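The block underneath contains the structure these notes are about, expressed in structure tokens.
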Amino acid sequence: MLRTEEITLNMGPQHPSTHGVFHVVLKMDHEVITEARPICGYLHRGIEKLAEARTYTQFIPYTDRLDYLAAMLNNTGYVQAVEKLMEIEVPERAEYIRVICCELSRIASHLIAVGTYSVDIGGITGFMYCLRDRERIMDLFEMVCGSRLTLSYMRIGGVAEDLPDEFIPALCQFLDEMPSRLDEYDGLITGNEIFQARTKHVGLLDPGVAINYGISGPNLRASGVFWDLRKNRPYSVYDRFDFEVPLGKRGDCFDRFTCRIKEMRQSLKIIRQAVEQLPEGPVMAKVPKVLKPPAGDVYHEIEGAKGILGYYVVSDGSNKPYRIHVRRPSFINLGFLNELCKGWKIADVVAILGSLDIVLGEVDC
Amino acid sequence: MVENIFVGFAEWLRSLLAAAGLPALFGDIVLMIVKVAGILAFIAISVLWIVYMERKMAAYFQARIGPNRVGPRGLLQTAADMGKLISKEIIIPRAADKIVFLLMPVLIFVPSLLLFAVVPFGKNMIAVDLNVGVFYFFAVASVSTIIFWAGGWASANKYALIGAMRAVAQMISYEVPMVLAILGVIMIVGSMKMSDIINAQQNVWFIFTQPVAFIIYVIAATAETNRTPFDLLEGESEIIAGPFIEYGGMGFAMWFLAEYANLILVSVLATTLFLGGWLAPFGLTFIPSWVWFLLKIYFMIWVFMWFRWTYPRIRVDQLMNFGWKVLVPLSLANIFVTGIGMFIYRAIGW
Amino acid sequence: MPGSSIPSTVIDGLKDKFPAIEVSENLTITVPEAELLSFMRELRDNPDYDFNFLTNLTAVDYPDNFTVIYNLVSFKYGYTLMAKVNLGKDEPAVSSLTSLWGSADWQEREVYDLFGIIFTGRHNLTRILLEDGFAGYPLRKDFQWVGGRE
Amino acid sequence: MFGQGLLKGLQITLQELFTKKVTVQYPEESLPLAPRFHGEFVLDVEQCIACSLCANACPNKVIEIETAKLDKKRVLTGYMMRLQYCLFCGLCVEACNKGAIRFSQKFEMAKYFRDQIPLILYKGEPPVQEEQGNTGITAGEAEGTEV
């Protein structure tokens, strides 16, 4: 017998497929992983601390920088938490605009997830197609709020500005063209046998374990657990839309991937309904110039692109939040990485990490 | 005559030297040097061009337009890149085996250059028409495995080591089905001489008589050249660049260019063995044979690029399984069927 | 919102079992530190509540005490529950919930990292976001940072 | 079945080979910007009443306003934005009641040196008397006089 020993491999912080500055220390027996110790924090900016020195409105731009791929959702989660604390009623039109923007953001985020996953598996072309189509959403956001990535569009009590006139036609055109694009991804990536061989039955996530580890979003639904806050605990106006929650069967990487593609189709469906139902009216509730929520705390959750996005806001009655905590889905989804990677190969670690769809701005906060 | 422009040039040179009263041996030596220089120029230019073509093709497949700033339509992009890479500092990792580390990127070109000696560029345009041409081709091509491995090993980097080990495993595994696939062709021809193989395809190309062998060959060749879906030793999303991870500047450029030289070589072999070499299809003989040959190899290169920009990467154990459990039995079966076919063919006595 | 908060009958049942808990108006339950683990185990294992999902775990540094906040969700009934534990200012420590929910692992490490609250009865309680040698706990109100811009 | 997906993928990439490319050759051509685009700031000095609402609305203390008293009236003497800290969130623009601070469509804000980054939108002499010194420099000209 040859004497063999484990090798320790530092994957990251500079590595093309850790999706940012993320570090995994892999212990390997030849190419098989025996331990994957995730190390995060390279992007920690202390956003929760920063919040304590800013007013409630001034924190909105910082939420963009958590999950910068789905900034609208982050905005929405935060402003809804503060609205819940202050008991502000948001105008109907603003709610619909929020839904449209949130779902667009979700599609944008899933497009990145799908595209980068394609790169992780080795096919660069799929990534380019996804980014090309994501650019359309960025253009739509630019019309709405002037920014493309860090949007800061939501305000406590509504949205910053009403939709511009040219937005709805551009959106409808996007809605018409997107399904065929999704078919293209399905043909290029999902249907590919090599891709399926790489992802099917890899990184199996048992539903019970997934719940226990607090994994949420498409990752949880891929394991077959029906838990989508838009359905289970409808916030905003989500109870008025007819859509399905795509579920996976096995909870492997392939299911997590296809769940995202299916969710994009559902998001398109929601946006279409929201556009049809979009009422007229104001987009901003009557809120005081200086926001001073009553002392107390509130925890509010929405269904983010990566999972359940929660904001815990504590007010001491002043115009600055006493404490804001963000339940970042990527951070909690990552907690199970070690168990998930054990027994798989390096190439699978990339596949598993990619299928969890983390964004480091959110993990490190 | 365009057809014989190169052959004619060689004859003219030889007669010129003979007319100058020089011995025939000296004429041969000069001619050999000219041939080598010509082949080197061909390699250098086509490698540069293929890098450009790959980038352009990748861009077109991805709805982009690719390099278009340096030179007309970006044609000088690779040259500019080379200029940049040459001017870069050579960084040697402290733990690396210096001599091996620096030697390997140079050596990687040697098998490629040696192989071009037997490439049939056109009618009567083989530098050396060995009677064991195909055998020589495979024998020399296999050497590059050691060079990949040594380069990765010398880098003293774990990623490089994994990549190097993968390179050895992958190249050896895929050499077997590749050779077995070609055996079908050689059985039919009964010769390993490149020109014989091409001449045997006067009536029908071997892609039609040996389609399975062709498919196996293309798959194995993709693996041999380390291109997607078998680019495991590079695998930039897992082991970043594999054996080349510590190489920068010209060292990296050498590896990079050698990969493209290998790509030309496998396309050459595919053309020679399966696509009729320099033979013109449909009787279009007014186009010179060497143009046909170039067209065919560029088509093959384009196909390899098409694969690369479409497919994701396979995993290392799947690669091994596929090679040993699918391709090898399939190629053995192909030999078997070819043998029976040839037996029946002779028994009927067409 | 339908079925989101826990019905008061269930709260009453909990009160009977754990007399020490305090229930505020908005159905936030404050648990004494000593009873936390058994209370949480009851919440998780009793099929009447079935709180199988620990969604959020964080802490707040109030002027008088530290409060650790647990947000639980029951997938079966759709209940949500916020539980709090008040801890003293000096060497705050609370029993860990990693034995009940895996999601507590990283979130407890995060709270430890940023607040310096010790979670007892678990392994690998190390800093997660900040580097290992970082001095102080930044989310405490008395934390003074040096540097900053200009 | 096996191979079908592979062929489908090849077909899709082959189709894309002949579709219109999406690249925009930036310096020569550029995409139209949305009217609301968050570009560089411009200040309408005539409108500005130096109320500091924008500076207070800023989450990152980017805006620095210098004022002087003139006949019990506050007058703007300096308006500087430290753009290196700017989030381009638009809260300052939203806070301005007079519509004095606005976004322009200019997005090429790269500078060669760090000390060139602060954007000086207005730099006026402290007013001597009456309304003389108030004419100042307009925003457009001020761009050229960055320190």
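Here the chain labels run A, B, C and D in written order, and each chain numbers its own residues starting at 1.
Operating definition for what follows: a residue touches a chain if its C-beta (ideal position, glycine included) is under 8 Å from a C-beta of that chain, and two chains touch if they have at least 3 such contacts.
Note that this is a predicted model, so its numbers are computed, not measured.
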item	value
Reference chain D; chain at largest CA-centroid distance	B
Between A-D and B-D, the pair joined by more C-beta contacts	A-D
Centroid spacing, where centroids are CA-atom means, of chain B and chain D in whole angstrom	54
Geometric centre distance via CA averages, chain D-chain A, whole Å	29
Whole-Å gap between the CA centroids of chain C and chain D	43
Per-residue multi-chain contacts in chain B, two or more chains	61-64, 309-311
For chain D, residues contacting two or more additional chains	6, 9, 12-13, 16, 22
Contacts with 2+ other chains: residues of chain A	125, 129, 132, 188, 192, 194-195
Complete list of chain pairs which touch one another	A-B, A-C, A-D, B-D
Of all residues in chain A, those that touch chain D in their complex	54, 57-62, 64, 125, 129, 132, 135, 139, 142-147, 150, 152, 160-161, 164, 184, 187-188, 191-196
Of all residues in chain A, those that touch chain B in their complex	7, 9, 15-17, 31, 118-126, 128-129, 132, 188-189, 192, 194-195, 197-198, 345-350
Interfacial residue positions of chain D with respect to chain A in the complex	2-6, 8-9, 11-13, 16, 22, 31, 33-38, 57-59, 87-91, 94, 103
Interface residues, chain D side, partner chain B - complex	6, 9-10, 12-14, 16-17, 19-23, 25
Chain A partner contacts - residues on chain B that touch it in the complex	58, 61-64, 158-159, 162, 228-229, 231-232, 235-240, 309-318
